[in-house]
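Some structures are shown below for you to check.
Same chain, two partners: subunit A is paired with subunit B first, then with subunit C.
Here is the complex of A and B:
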């Protein structure tokens, strides 16, 4: 392999470069590696954003949760509508609407709202997430899905009911897990 | 069949089939996402995310099984003196094919291995994927019979076949050392995984078995279409199905039905097209995503380029919203599969030897 002087120079240079790489890696102090630091910062940033989101939800939705817990369900829904004007597209509005509608026995609307919430933020079905709402979604699916399926059977031409059943199946599939 | 029983290779194929089926289910029992004990496309998407090629926070994990498949193949090929640096057959076409292998799999939600793991777990949405895969393999075979050929793979100087295995050794170092620039999800499906040592060992074992046996799913479908039960791969595939089905039943993982299945959607037409694309491409480039990994481990630089394409594809399907979810297939997913089918058709036109 090392046939002539050129080969020998190349091999010696390779050894030197590899050794130098090891020296650079071993000798790098905690402040010297900008790339590693930026990766750590990115990770911390991500964590901070997530914690900020949890705090944001607590701050904005605690009045709704208080109304819900006191049994004032229509008032809680009105409060959510109010919030919808300032926070359009916020997944937690759909989640809480689904929760309240479920308590009111409106399973079809509850399933639609919960499916919309999970489509926007899959953390609601994730046990590892602080935002997890699995028990709520599980109970909506186990109680609501059989009812809306029966309703679809009795009105097979109802497109809106077909959509609700589809939402129920979507939630069922997300609860089952899988890689996505 | 009776003469095959005395053939050692036949039993290696059976062992590979059973191993893939049983361990494919058990890895999910040990922590991998449901029905995704082994899914090369999901693992590729996870690994691309871990390398920073996409930023879906729920899909970032350097899957040890993937590293095990390649390194198991390298070790086995080296021990049996089958490691040979080779390549030079339409490299760019193979690279792009690797991207589209992942596009098709992501639209279906799973590679051909996961297709059958889903089916043997009772997921009826996978049935249409089976039709798509078989149709794709059949069309691919028709093309091969009519002269489509990406060109001969030739022995290469300079040990280029070592580059992809070396890359996977580096990934193993990253997995063990966990440098800060490698990202590991803390939520979502990528946070669900079997213990590292188990995943790596299973990967090494299956990589070695697949290298010895040449077993892969699309290869089995191809050989079954060509030779029926005379092909050892037909029986390996049968063993895979029995192993996966039996383990799913034993582990209480069998849920029969069309609705509410894990990691599945109800857009059957696109499941069909996704798997059609994967089956067709796999025949043209000589193997499904799993087989590309194994061949890359044997020193096949062409397969190595397909693997690089797969990693790029893993980043793209997440970044561009191509990957399907339980909610269905996005517009970009549908368009990408159609572009993939157009790509295979162009390949078929450009790489056809019309002199024969």
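Here is the complex of A and C:
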């Protein structure tokens, strides 16, 4: 069977590889301490991401929030337009636009912007997240959705309004714990 | 067998013909487009939309650029089947010539609506409308709902009569009037300006101005934006078809012109179209009455 030295070397190599595989498989079995460690590191990783995100929002959006809070709503919207140049596609731009438009009484636009924000970042409807904006989104849905539904009833062929109502239902479902 | 060959021939002919452009039939549909800045710009913006409408409606369409001040008289003379103009022009043509509402243009933060703002430089000592007494102000063109009407009305509502209390006010000439009023305040030629919220938004987005350059002293309620209307003489089925083509437009809709494939909405600076109700224009009517502007002007 092992006719020459080459066959012997091949057989020996095969045995070594098989032994090594067995050792690796046995070593990779469920280990409680490994499991706990990885859960902790995942948790820490998430904490770090949240902290970074909160710091990022504070750094870029505090001027907008200051304008909003002082009642300078048109200026706050303009500031967001400016940020849009440097942070295109940023969910917090949509979120703050929705917030400001809601304060301006533009319910249909607010619902659309807030739905876009939640589609980009589900943290806004997560109670446990430090980024949660549930009170804002709840008030947009409770104030805005009945108005846009009424509007759609009076104008059933309006596709734009149908889309806004759809956005309102989407937010309602996400607030209720529904998935994407 | 004979019948089968005949059916197959008809079927294949149909398939081949459906691949060709639809032949344009009937008299041309004349569409009047209000000039925002210049005839060249208007034609460049709206040619793709006009060609697209032509293809979808199967009728030749003619784009006719028209000066804002001439729009009513030319409409009354029967020059246009459809018109595209600002929301005050819609109200004027509705009241005086029974223009039919087709669709409203969407653009910017407020969608199918816009607003008029009164702005000053960020470092200006002017803090409220009352502080404008004895100051110099520049307005947009007189028939602009968010460049003149809304701001004039805002001041009247605040108990400030611009005609009596401003030291001086001016209207810009030539093209790019809305941008001119914004720059006029930026460079200090005027103390305050009547700027459309949409122009402030677009100029900020394009980096022409910074949000930190100005303060907004007051901003009007939102009013409908630019609007397509149809002459009452146009067949209602054609009006409905025209509306459907506009509402079906998406940012991806393209048309080929001179060997180039162009995005129809992008070219026209439009985000899309929406159907509003005539009563949505009531705020414009109220403002026009308070400001004593057409179609309610009294001497």
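Just so it is clear, the second predicted complex is superposed on the first by the 131 of 180 C-alpha atoms of A that agree within 3 Å, B and C clash if a C-alpha of one lies under 4 Å from a C-alpha of the other, contacts with A are read in each partner's own complex, and residues count from 1 in each chain.
One rule holds in what follows: a residue touches a chain if its C-beta (ideal position, glycine included) is under 8 Å from a C-beta of that chain, and two chains touch if they have at least 3 such contacts.
Here the structure is a predicted model, which means the values were calculated and not measured.
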item: First (subunit B), second (subunit C), both or neither touched by A:128; value: first
item: Which of subunit B and subunit C A:120 touches, first, second, both or neither; value: neither
item: Partner chain in contact with A:109 - subunit B first, subunit C second, else both or neither; value: second
item: Touched partner set for A:82, first subunit B, second subunit C, both or neither; value: second
item: Partner chain(s) touched by A:53 [first = subunit B, second = subunit C, both, neither]; value: neither
item: Which superposed partner A:101 touches (first subunit B, second subunit C, both, neither); value: second
item: Partner chain(s) touched by A:159 [first = subunit B, second = subunit C, both, neither]; value: second
item: Touching partner for A:43 - first (subunit B), second (subunit C), both, neither; value: first
item: Residue ranges of subunit A in contact with subunit C within the complex; value: 72-75, 77-79, 81-82, 84-85, 97, 101, 104, 106, 108-109, 154-155, 157-160
item: Of all residues in subunit C, those that touch subunit A in their complex; value: 106, 109-113, 115, 117, 197, 200-201, 204-205, 207, 210-212, 214-216, 219, 222, 247, 272, 274-275, 277
item: Of subunit A, residues touching subunit B in the complex; value: 35-37, 39-40, 43, 46, 119, 122-123, 126, 128-129, 166, 169-170, 172-180
item: Subunit A-facing residues of subunit B, complex; value: 33-36, 39, 42, 46, 57-59, 109-110, 114, 179-181, 183, 186-189, 191-192, 255, 259-266, 323-327
